[in-house]
Every structure is written in structure tokens, then in C-alpha cells.
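Two complexes, one shared chain (chain A), two partners (chain B, chain C).
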Partner chain A sequence: MRDKTILVLSWFTALLLAGNLAIILLVLPDEASQGPIFRIIFFHVPVAWTAFVCFFAAMISSIAYLAGKNLKYDSFAAAATEVGLAFGAANLLTGMIWGRIIWGIWWTWDARLTSMLVGWIIYAGYVMLRRAIEEPTERARMSAVVSILAFADVPIIFFSIKWWRTQHPQPVVYGGGFMAPGYWYMLFLNWIPILLLAVVLLLIRMRQEQTGREIDALRREVHAF
Partner chain B sequence: MFAMLIQTAGFTPEQYKNNFVFLFYGLLTAWLVLLAFVVMLAARERKLTQEIERLRLMLEDRGPK
Partner chain C sequence: MAVPAVRRAPIRDGMSPPAKPPMKPPRLSFFRQTFTVAWKDLRSELRTKEALNASFAFALVILLLFSIAFEPTEDETRQISGGLLWLVFAFAGALILNRSFARELANDCLDALIAAPMSGAALFLGKTLANFVLLSAVEFVCLPVFGVLYNVRWTQQFWPLAGVIALGTWGLTVVGTVFSALTVNLRLRELMLPMLVYPILIPCLLAAMQLTAPLVMGEPLTAELAQWIRLLVVFDVIFSALALALIESVMVR
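After this line comes the complex of A and B, so read on.
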């Protein structure tokens, strides 16, 4: 049943993404001051939002694990963090390429870019920590704590462009920045398939976590002999 | 139409081309990162399947406790 859901959702996501890509490249006009490169915003921003949603879900799930000690919550947190990391990497790299054209530099240590990189490294540390601990309940407990603490960086990333003067432009969503309505609409329209893609990857990763738990149980059974 | 777009944006043809090439790099990079993650997932899936098969065979070989 889950395999079928993943397959249907994958095809639906692929169709939506292809349709959106056609609109972004062929229908939407160039932005007046930035030219064609501005279209990267339709991926750069939604992948960042998706990463934040994943990290938020991981934090909630980690709290649920610490409260109930159910390993399913730990599996969900691990899956959501890994998916979030992939989308976070896509955000950082597309931002660098956009910055190279608009600012003339690949990278600058301003508050937004630095806090995003720091957040990404912290979550990468979470993944490494999980690999370093063999015992499932100990691994779940330690990583839940790290996940909750790591989420403290997400509001800093989000509001950094409001709190400090940055090279990064002001937010277009919650004030300060401006974007034409056609672009605005496309930004949210493209977030839907990107979010769906994250759900597909999350479902696949969750299934793997379930298999991992089965393996842990089988190992215990093997060692019990 | 293409020439009009270039003029509207105030770019030289060379700048416009460069701008478009970087858009292509950006989109390509975003998809390559996600593709790499999918490849990683597929590799892990294969490893887990092999491991679970190995453990089941081990238990079957030992027979009932």
C-alpha cells in the first residue's frame, strides 16, 4: 500500500514540477534588474522553506520521543532531518550560484548565509551522531536532544535578515522586500511539488528506518542464541 | 522577442547569456543534490535488504531455539 502511495505521489510530483518548470522558463518574463537568473528564486526559496519544515517536524518528533519513548518518533525525526539536509544543501548551493551573478561573489560571511551554513553543519552532526551510537534507545535519546537544540538555529536563520544588516536581500514574504504578483504566485505554486517531493523522500526514508528496526530486532534474536 | 528582452533588462548579449548559463547551473545543481540523495537512499535500501536477508538466513540455519 505504501509503495503504491509513494509511486503515485512521485508521478504527481514529477508532473507538477515539469509543468511549473515550463511556466518558469517559458511563460514568466525576465525580472527587470536581475534578468533570467531571478527565476532561481522559485527553487532557492521553496527548498529553504521545505528544509525548515523538515527540521521543525524533526524537532516535534524528537520532543514526542522524549515524552513517550516510542522509537517510531525517533525514526521520523531521523528521516525528516536527512531530507531537510538535502533540501538545505540545494538552498545553499543555488544561493551561491545566484550570488555569483548578482553580487559578483560566491560567498560572504553575512548573518543569513552564515547562520544557514551553521544550521546545516549542526544537522549534519546530528546524522553523524546517529551513526556513532549503536544502542537504539541511547541513540534515540541523544539525537532527540541534539535535534531540539539544533532547531534553535532555524529562527535565527529566518529572522537574520531582519535582525542584522545583510548582503542577502530583505524577505519577500513577511515584509521589507517586494516581488511582482505573478512571481509571488509562482513561488508558492512551485513550493507545492517541492514539498510533495520531500514527503515522497520522507516516506522512503521512513520505510528504511522501519527496516532498520527490524534488523535491530533480528540481531538481538541472533545474539540471544 | 529575445533581443527585446535583452534590451529591457539592460544587459549586453554576453551578460544575458552568462546570466542564463548561471540559471542553468543553479537549476542543475539543485536537482543534482536531490538526485545524489535519491541515489544514497537507493544504495541504503539495497544494503538493508541484503542485511535483513542475511540475518533471516542465519536464524533459519540455526533452527528453533
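After this line comes the complex of A and C, so read on.
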């Protein structure tokens, strides 16, 4: 049943993405000041939103784990965090490609870039911590606590880095409602398949987690004899 | 190795007849428990001085290395002093925090502490308090050394500086103590603790650096720096509350 769901969702996502890609590449005109590269925003921004949704879901799931001690929620939190990390990486990479062409540099310590990077590193620590703990319930408890602390930190990091950067002369200002309404529409239209892609990855990753736990349990049973 | 936390039933006053003397000593109040744990930690640290010595020696070495690496002029010192001092504090803090729970591993002291008739929050707060005192001690020994090595008269704004350092150090120790408890059973404890703690501490360290740089150079706090004080306070309050709420999940297995 779940296999079928994943398969159907994957195809649906692929079709939507292909359709959107055709519109983005063939139908939409170049943006006046940026030229063709501006199209990357239709991926860059939705993947950031998706990463954020994943981390939020991971926090909710972690709270649910601590409240009920059901390992299913732990699997979900782990899967959501890893998928969020993948989308966060996509956000950073597409941003860097865009920056290289428009700003002429791969990286700058701009507020949003820095916040995203710091958040990404915190969640990478979460994944490393999970790898370091072998006992499943202990791993679940510890990583749930880290997930909650990490998500509480996200808004504080965002504001602190924003203040920090605005105290310095800013070489580049990015954003600020420059987009035409048609572009906004496309942004949301492309968010749908990207969010669906995240769901597909999440389902696959969750199944891996559960299979891993089952194998682990079987191994313990064998060792018990 | 896993010992479930034993909770002693509260003694009901006035309900039971006073004929029987209580078998167990009365339960200490939350703050007494906290101070008992903190005092225990401080005393055992003062006897061995292992974390304190390591932390202070490490801080000295870093101060020395920075001075050699950058040979800062007076203007450069003005710019980097906040960042430099807080990096030193954060590195020195990691050594103290690493020992905080690891110290209890020998002879299964940690299990005994967790099984003791007190809340996890009291144990955690006591440990945080002890770490706070120890790290503050290291910091206030580092400051004169910094003043001498970098030619800075850092005492001109002493009290505002002490306040900022206290706020920053509290943030550092409260987050650090949670992670100290969290990583205590890991093989890669020494590595995982700073790797997890430093990124989470970024807002706290950033604010403390912004505030410390002018104060150390003797410049008074300006109105535009007030937002950093607010940030430090908000960080401390949010993470103290979260830590107290979550610590039971970390420690009681």
C-alpha cells in the first residue's frame, strides 16, 4: 500500500515538475534586470520554505515523541530533518549559483545566507548525534531534545544575524518585493511539486528508518540466543 | 546500568499522626537541592582542580596564540577584542562543560545522582550554577591577562562589562550543561559537545561580542547596543526555560 502511494506520488510530482519547468523555461519572459538566471528563484525560494516546513514538522514530531514515547514519531522527526537538510542544501547551492552570476561572488556574509548556513550546521549536528547513539530509545530522546532546542534557536539566530549584518555596510541588498504578481503565482505553483517531492522522500526515508529498527531488533534477538 | 529514578512520596503534614518519627530525612526544598548539588560540584572541583586548571591553561594558550597570530595594533585590538575574548571563553567553557557530567561517570555517581530524591531540574540547575561559577572564575582571571598582553585598560567600564559577561556566560553554561548531560554517554563526547553547542550559541556569543568590544576598550554602552542586551536576556530566558522543561527527558532513562 505504502509502496503504491510512494510510486503514484512520485509520478505525480515528476509530471508537475516537468510541466512547471516548461512554463518557467519556455513561457515566462526573462526578468528585465537579471536576465535568464532569475528563473532559479522558482526553485531557490520554494526549497527554502520546504526545508523550513520539514524542520518545523521535525520539532512537532519530537515533542510528540517525548509526550508519548512512540518510536514512530522519532522516525518521522529523523526523516523530516534529513529531508530538510537536503532541501536546505539545495537552497544554499541555488543561492550560490545565483550569487555567482548576479553578484559575481559565490558567497557573502549576508543575513539570510548566514542564517541558513548556521541553521543547516545545527541540523547537521542533529544527524551526527543520531549516528553516535546506538540505543534506539536513548537516541530518540536525545535527538528529540536537540530538535526542539534547534528549532527554538532558528528565529533568534535569524534576528541576531539580521541586526549584525545591518550594522555593517551592506554590499548587496536582496529581496524587497521586486517581483511581478505573475512571478509570485509561479513561485507558489512550483512549491506544490517541491513539497510533494519532500513528502515522497520523507515516506521513503521513514520506511528505511523502520526497516533499520526491525533489522536491529532481529539482530538483538539472534544475539540473545 | 539504567537505574529508574526513585521518587520519594511527599511527607503529608498534619494528616498522619505524629507518633512515628519519619524514617527518611525530610525532603529539601528545590533551592536547597540546587545549592547542594552546586556546592558539591564546586567542592569536588576545588579539590582536584582538573577542569579549572585545564580550562585556564587552555585560555592562556589561546590568548597567547591570538596575540602572536595577529600582533594587533591598538585600533585592531579595539575591533577584535570582543570576538577574541568570547572565543577564548567559549573554548575554555567547553572544557569545563565536558567535565561537568563526565565527572560523575566514575563509580556510577551519575546513576546515584539521578536516583537521588530530587527533581532533574534541581540537579541540572545545580550543575549549571557550578559551571557558571567556574567559568566566571576563569573569565575574570583571563581578563587581566588579556589587559596585560594586549595593552588594554579594561577596567574602565567594569560593572557593565561584568553584567554582559554574566549574561553571556549564563547562556553559554545553561545550553552547555544540557548538552553536557546529553553527550555524557557518547564515545566522541569531547568532540560532539562543542560541535553541537557552538552553532546553537551563535546568537548569544554574537550579542556578547558586540557588547564586550566597546566595554573592554572603556567606551560606555550606547542606545544602539541596547538591542544586544535584550537579545542576550531573551536568549538566556528562553533557553533556561527550555532546558528546565526538557532536562528530565535527557537524564531519566
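Simple rule for what comes next: the second predicted complex is superposed on the first by the 202 of 225 C-alpha atoms of A that agree within 3 Å, B and C clash if a C-alpha of one lies under 4 Å from a C-alpha of the other, contacts with A are read in each partner's own complex, and residues count from 1 in each chain.
Note that a contact is a pair of C-beta atoms (placed from the backbone, for glycine too) under 8 Å apart; a residue touches a chain by one contact, two chains touch by 3 or more.
Everything quoted here is computed from the prediction, not taken from an experiment.
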item	value
Which of chain B and chain C A:A89 touches, first, second, both or neither	first
Chain A residues touched by each partner, larger count belonging to chain B or chain C	B
Touched partner set for A:G212, first chain B, second chain C, both or neither	first
Touching partner for A:M128 - first (chain B), second (chain C), both, neither	second
Which superposed partner A:R141 touches (first chain B, second chain C, both, neither)	second
Touching partner for A:W164 - first (chain B), second (chain C), both, neither	second
Which of chain B and chain C A:L149 touches, first, second, both or neither	second
Contacts of A:P36 with chain B and chain C, given as first, second, both or neither	first
First, second, both or neither for A:I101, with chain B first and chain C second	first
Residues of chain A contacting chain B in one complex and chain C in the other	none
Complex interface listing, chain A residues touching chain B	21, 29-37, 39-40, 43-44, 47, 82-83, 86-87, 89-90, 93-94, 97-98, 100-101, 197, 201, 204-205, 208, 211-212, 214-215, 218-219, 221-222, 224-225
Touch list for chain C against partner chain A, complex	175, 178, 182-183, 185-188, 192, 195-196, 199-200, 202-203, 206-207, 210, 224, 227-228, 231, 234-235, 238-239, 242, 246, 249-250, 253
Touching residues on chain A, where the partner in the complex is chain C	66, 118, 121-122, 125, 128-129, 132-133, 137-138, 141-142, 144-146, 148-150, 152-153, 156-157, 159-161, 163-164, 167
Interfacial residue positions of chain B with respect to chain A in the complex	5, 8-11, 15-16, 18-20, 22-23, 25-27, 29-30, 33-34, 36-38, 41, 44-45, 48-49, 51-52, 55-56, 58-59, 62, 65
